[in-house]
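Chains: A, B, C, D and E, in written order; residue numbering restarts at 1 for each.
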Amino acid sequence: MMPLLTVRNLSVTYPTRTGLVEAVRGISFDLGRERLGIVGESGSGKSQTGRAIMGLTPPPGIVKADALSFSGIDLLKAGPATWRDMRGSRMAMILQDPKFSLNPVMTIGRQITETLRHHENVTKREAQRRALDMLEAVQIADPERVFGLYPHEVSGGMGQRAMIAMMLVCGPELLIADEPTSALDVTVQLEVLGILDRLVRDKGMGLVFISHDLRLVSSFCDRVLVMYAGRIVEELATADLGSATHPYTRGLLDCTPKIGESRHPLPVLERQKEWAA
Amino acid sequence: MGGVTIRIENLSVTFDGFRALSSASISVDKGESFGLVGESGSGKSTLLRAVAGLAPVSGGTIEVNGEMLSGNRRSRAFRRAVQMVFQDPYASLHPRQTVDRQLLEPLAIHGIGDSDKRILKALDEVGLGPSFRFRYPHQLSGGQRQRVAIARALIVEPEILLLDEPTSALDASVQAEVLNLLEEVRSRHGLTYVMVSHDLGVVTHMCSRLAVMKSGEIVETLSSVDLAGSRMVSDYTRRLMVASKGFTREAV
Amino acid sequence: VTPADTLVEGFAIDDIISLDPGEAFELSAAEVTGNTYSLLVRLDLDDTTKVKGDVAESWTVSDDGLTYTFKLKPDLKFASGNPVTAEDVAFSVERLIKMDKSPAFLFGQFGLNGDNVTEKVKAVDPLTVSFTVDKPYATSFVLNVLSSTAGSVLDKKLVMEHAKAVTPSEEYKWDTDFGNDWLKTNSAGSGPFKVVTWKANEAVVLERNDNYFGELAKLKRVIYRHMKESAGQRLALENGDIDIARNLEPGDFDAAAANPDLDTISAPKGTVYYISLNQKNPNLAKPEVIQAFKYLVDYDGIGATLIKGIGEIHQSFLPKGQLGAIDDKPYKFDVAKAKELLAKAGLADGFTVTMDTRNTQPVTGIAENFQQTLGQAGVKLEIIPGDGKQTLTKYRARQHDMYIGQWGSDYFDPNSNAETFTANPDNSDEGKVKTLAWRNAWDPKELDAETKAALLEKDAAKRAAMYENLQRKVLESGPFVVIYQQIEVAAYTAKLKGFKLGPSYDTNLVASISKE
Amino acid sequence: MTDPSSPAPISWRDWLLTAEPHSRRQASLGRAYVTWRRFSENRLAVTGLLIILALVLVAIFADLLAPHSATTGNLAGARLLPPGSPDFLLGTDDQGRDILSRLLVGSRITLAVVALVAIIAAPVGLLIGTVSGFAGGYVDAVLMRITDIFLAFPKLILALAFVAALGPGIENAVIAIALTSWPPYARLARAETLGVRNSDYIAAVRLMGASPARIVIRHIMPMCLSSLIVRVTLDMAGIILTAAGLGFLGLGAQPPLPEWGTMIASGRRFILDQWWVATMPGIAILIVSLGFNLLGDGLRDALDPRESGR
Amino acid sequence: MLATTYLGLLAVTFFIGRVVPIDPVLAIVGDRAPTAVVERIREEMGFNLPLWQQFLIYLRQALTGDFGTSVLTTNPVMTDIVRVFPATLELATVGTLIGAGLGVPLGVVAAVRRGSIADQIVRIVGLIGYSVPIFWLGLLSLLLFYAKLKWVAYPGRLDVAYEYTFTPITGLYLVDAAWTRQWDVLWDAFRHIILPGTLLGYFSLAYISRMTRSFMLNELGQEYIVAARAKGLSERRIIWFHALRNAAVPLVTVIALSYAGLLEGSVLTETVFSWPGIGLYITNSLQNADMNAVLGGTIVIGSVFITINMLSDLLYRLLDPRTRAK
């Protein structure tokens, strides 16, 4: 079967005052209808990877790749119209913080129907119905009420659900979730993950899940890419995480304190120059 | 070790009619490391800030080192004895001042001389060389900044350190370094810690006892050992505990 | 483009505060009242030392020189249609005196006051008025005063219809305002025009009075449109937005003169521009300093530039055209001479003085030039600018060092200027007669007496000689540096016919103007 | 690669840009240098700076530069000469004075006005704003009410009324402009103060026992400073224009002072035939206020990266 | 809060009115009045009472909309202001319409094409607008468009031919003329207002376009814009709907401020263009020591300022759901 997403030697660079910043440096991976996690420390290029795939690299960023294709479509050659057709309907992205990623002056309902009406030729009433269904699907207890609320009127967890509803209402085949839960409380975090999990399972989407929390990723995804300084340093199935070989991955696994474990002092990561090379 | 150093009874804090903390009571022994956990908005920071005199206390008592504190006035001795480290290393250092200036400030306020030596010593203690002395915060990484914040707290040789999520803004790998540093400093100086975190792992790692908070109230107080052994009373604590283990399909 | 039946004048009319002849005392207001009201007698524009009858047909003076009897022309009508009677004339004077506004003093000079005015000015029969004065003044003086706008004949019936009742008080003993409030913005006269509206700082609109007893005005409407700036007036004139530009400065006047589509006109006015030296200032009180300053005005330079066309260098206080006016010009710009005089006064190193100057041209320009020329003799001049009211407040309080300004005759008689430049009965700060001499704390005792004498001199030639003498003395030692006499200029579209300027503002008559 | 035999002479640029400064001076110079570099990349901003520098130099050396007297002219011989006349590069005015000389000397007045207003208004605004924002509550309410009242006034008209009351003159114009200029600074400073008042670094110094005065002066004011400087620089142009406007209405600088606005007002009378008399000072005002605006714009980008967007 | 601001306004104006060294009496009786008359009027006007008494009287009158009588026009000041204010309002409105109508799109384009030629042009146009003395530009433009090209009319609001035949209804001549279908009057009014209106519009444009640019840059950098792109919306919709709708919230205040600014900035423009509005009224009164009129005018403009600010606050609240009262 052809992979849903193919990334070959993707790099993202930003020309700045102080020279080129290489945010992503030649990464390659394939994604099927599965959950792929990307982990790495802050600044390792996770978000840039996700955005490059969605064609959302802001200027003056330069995206280069040997191949970047989504279910057979060459994204490198896609024009604005192709992108517009694809984004939101076939591929979607969830951003980290609902507080900032929902338009503050539009009701939640409107933001969801907007996606729908933009991509599908539906009546207002139909759009509204589907939006309400979607809100229900993300386990919002009172969809009618939430439909008419503004983003500032809902809690973080609720906002994140609305965001998910907005992105998934057209039923995309690929979903990129960029730290979708890191702004949320642990307990809420799990609920949101549960929703994502169910949607992926039910609809057979491909999911790229970006996080800096290795523990979370390992418990949620099927496969993990470990990034360091813009490169993939290791790629593993979550089941094999225990046998990770790269010292960076090992370090990440070790250095978080866990309940009921007593290691004083905690092992720390000794960064090696050659990891970044 | 001995004696209670912080005793808080029935403490309430109200912001413009909103009760952020209601009837919270804890006591912390000298030399102990005490943890506060709970979800966002549960009043953890508010509790710490109330001790520091940065929150509008509306009821209850706070006693530190045998001194009853009233209102937001604090004695000079208190100001030296109690220091705080904040969550966000990006926000807790003055962006327009060099590390040197920031470390000098407490010395100047308390009229402590010999500043050069003290600054270098404090930097050394948190594992930063003298080359960091004249840098600005933006020239430092998050972990380094948090070290500077810790150095700033230590430079006046306090007895009590209030730590408000000192590592939650840091990467896991850096977090470990900072946690190790905090432990090391505590054992070296015999400090008392009150540490806030939403990460149960971090709290149990650092603290012997902890209080679990929910919407401004203390749900329960228990030891880390009990927590690890799942010997908790409240459901809420259990939920937190499960959640902190990561995602499991069954859990939801 | 202006309408064919309407005359539009660009004119700085911001000085108008009222159009009531019993109250108005401003130059632009005088022009409006001059065109809207008739007088008993009016200045003869062909020989300005004489007057001729307006509503009066003839008059006689009693032998003791105290009683004047006027016979009115018959069948005259006001603009309202009411007949013009002797009673209206008497009422007009009574009203003037009783209201006691600014121009009241003109008739007050004849010994009239609120209590005796009905006695002294009265209608003998419907067409005869008698007028009694307290001293045997020179006849020309009395008639000249009567020809001022204060002597306008008002329509008693119409005015009293609009009168408002007032409660009498200590200061104002009458129970009516004599229609003052209404007349501020309206007219009740028998002149060739009547007032339609006056919008302060915007416009005065006049309309033809079809009941006028003389030759009817050629145009239906006259609009004085307020325009302060010379350049703006010229611009509007060139673009055809106004027909006449009234406040042109030399450059713009020259340009208008050179423009084939425009015509220009000029007429000397009874206004002199002078700099005065407050004698309270010990430096300025020195006779040598007074002299020196008279040598420090660049008469030729100013004449050739700043006032070119709009003024004529003139050094004595009586404007040309008035009885006894002389044209002596003993002073020339002479720094060396001035320095010498200053040295004699013990001020060889110069000194600093201030001069209050109002913010209008060409006064500021002259002041600035004077500042430079004084500087050449080592005198440092600080110009204290202000608007008219500010400088005047200070001037009247005798708080200035120097003042530059103009003096326009209140009526077309030499006494007006002679009195103000030379009379000063009480030089103390409490002095009641606040003439220019008083304002500058100048106390020329013998000149004061000469002025009084001239007022009673019946023989015109002798009277003229007395004024000549007065002028020479002031020229010699008076603390007034008279610089020039104003020439009023105007530029107008060549389409206009019959436009003339009179010797005073109230004689700038517009009835004769027509458009092609 | 540097030659190992001779210790690499580090360039002053590296010295400034080092991540590890060795002294306070080096650190602050380095910071200033970074700001300068960011600033100097903006060509327009540098142009603005050059204009202002030129203004300052001209003001200092006006007496040497001016070919003629700025106050004494030649009424008979050199009145209203057009630009390019021999000896009178920019022509002469109605008093026969050299316009170039007047412009050069007039730069002093312009400079003095903006400097004075900045010296009076900015510190007052800064003080009121920071105190108000930091103290909060009652103090804040009272101070802000006063500020609001002054803000509610139409600025130019208030200045007009003040000048009318105090008498025309450049000193009074300065006072009037200063009186009407401080409220925005107070607002700005207060907003900045509110922004940082609850920040952790202020909490940290408060916790150390720093007195309110110390916190305001040493920690809060420096935070307001950069946006204040930007604002003041941008306002300079407005101040110049207001002063010129007052001059134009005859309420500003008085003769023979060669204030540019006053010069326009008097040149206005000759605008039809001798356009240069009013045009030259207008160009001077335009250039100088443009200079301040360019400078302020550049400073904003350099000092206040937030404003410049990402 | 409104009340205290207003009270402060009155106090300051009163203070100004009483420190003025111009003798207000002179303004009433004229330049050449004899001293006795001057003294009599002084007492009639109550200028000999103690200051606080004068203030109380002043306050009571001002609160009932009575600012006394203008000695210059002999009308109650309020009557005068009601007459001249529409002129200023009309001018400022035309200016704001031009300024906002062009400024907002220009600002948006500049923000979207940040750093491009278009951005630079908008920037330069704006900077010049900030830097040029309005009265000077007014003079030069009059010289060009009126004197030389004869494209526009000057001075005043209408040609004399119409001025005394046309009866205004609202005082906004453009509106009145259109309302009564007097097309020739409308055209004439247009020819008069176009130059000063464009000039004011330019100044407002300079300000509005720069602020729009800055707000738009801010909004375009927000995460919700990324989210909107991720939804597949077109750039046009993202810019003109999502970003601008958010930028509109602070922009309303800016436009309101600039509108209020034009109302007062009219002092210089009206002087240059002989526009018979409140600015000219105040300057004229000022020069004639007509303090009643000056202070009345100042208070009215101040009140309009306060009102506009209040309205813009209200509008702000209406536009921003975060501050909208529930």
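Heads up, the rule we're going with is that a residue touches a chain if its C-beta (ideal position, glycine included) is under 8 Å from a C-beta of that chain, and two chains touch if they have at least 3 such contacts.
This structure is a prediction, so every number in the text was calculated from the model and none was measured.
Trainee: Going by the stated contact rule, which chains contact subunit B and subunit C alike?
Mentor: Chains touching both subunit B and subunit C: D.
Trainee: Taking each chain's centre as the mean of its C-alpha atoms, give the chain farthest from subunit A.
Mentor: C
Trainee: Could you pull out the chain whose C-alpha mean position is farthest off from that of subunit E?
Mentor: Measuring from the centre of subunit E, the most distant chain centre belongs to B.
Trainee: Roughly how far is subunit D from subunit E, going centre to centre by Cα mean, in whole Å?
Mentor: 25
Trainee: What is the distance in Å between the mean C-alpha positions of subunit B and subunit E?
Mentor: 55
Trainee: Could you please state the distance in Å, as a whole number, between where the Cα atoms of subunit A are centred and where those of subunit E are centred?
Mentor: Result: the chain centres lie 52 Å from each other.
Trainee: Give, as an integer number of Å, the spacing between the C-alpha centres of subunit C and subunit A.
Mentor: 90
Trainee: Could you list the positions in subunit C whose residues touch two or more of the other chains?
Mentor: Where subunit C meets two or more other chains at a single residue, that happens at 235, 359, 387, 390.
Trainee: Where in subunit D do residues touch two or more other chains at once?
Mentor: As it turns out, subunit D has residues touching two or more other chains at 167, 268, 271-272, 310.
Trainee: Which bits of subunit B are touching subunit A when the two form their complex?
Mentor: So the residues of subunit B in touch with subunit A come to 39-40, 142, 171-177, 179-180, 183-184, 198, 200-202, 204-206, 227-229, 239-241, 243-249, 251-252.
Trainee: What does subunit D use to touch subunit C in their complex?
Mentor: Residue list for subunit D touching subunit C: 71-73, 75-76, 79-80, 94-95, 167-168, 250, 254-256, 266, 268-274.
Trainee: Per the contact definition, I'd like the list of subunit E residues that touch subunit C in the complex.
Mentor: On the subunit E side, the touching residues are 21-23, 26-37, 40, 43-44, 70-74, 80, 142, 146-147, 150, 153-156, 159-161, 163-164, 274, 276, 280-281, 284, 286-289.
Trainee: Contact residues on subunit D for subunit B in the complex?
Mentor: 19-24, 26-28, 31, 199-201, 203-210, 214, 218-219, 222-223
Trainee: Would you pull the subunit B residues touching subunit D in the complex into a rising list?
Mentor: 49, 52-54, 74, 76, 79-80, 82-84, 86-88, 91-98, 100-101, 105-106, 109-110, 131-132, 134-136, 139, 149, 152, 156
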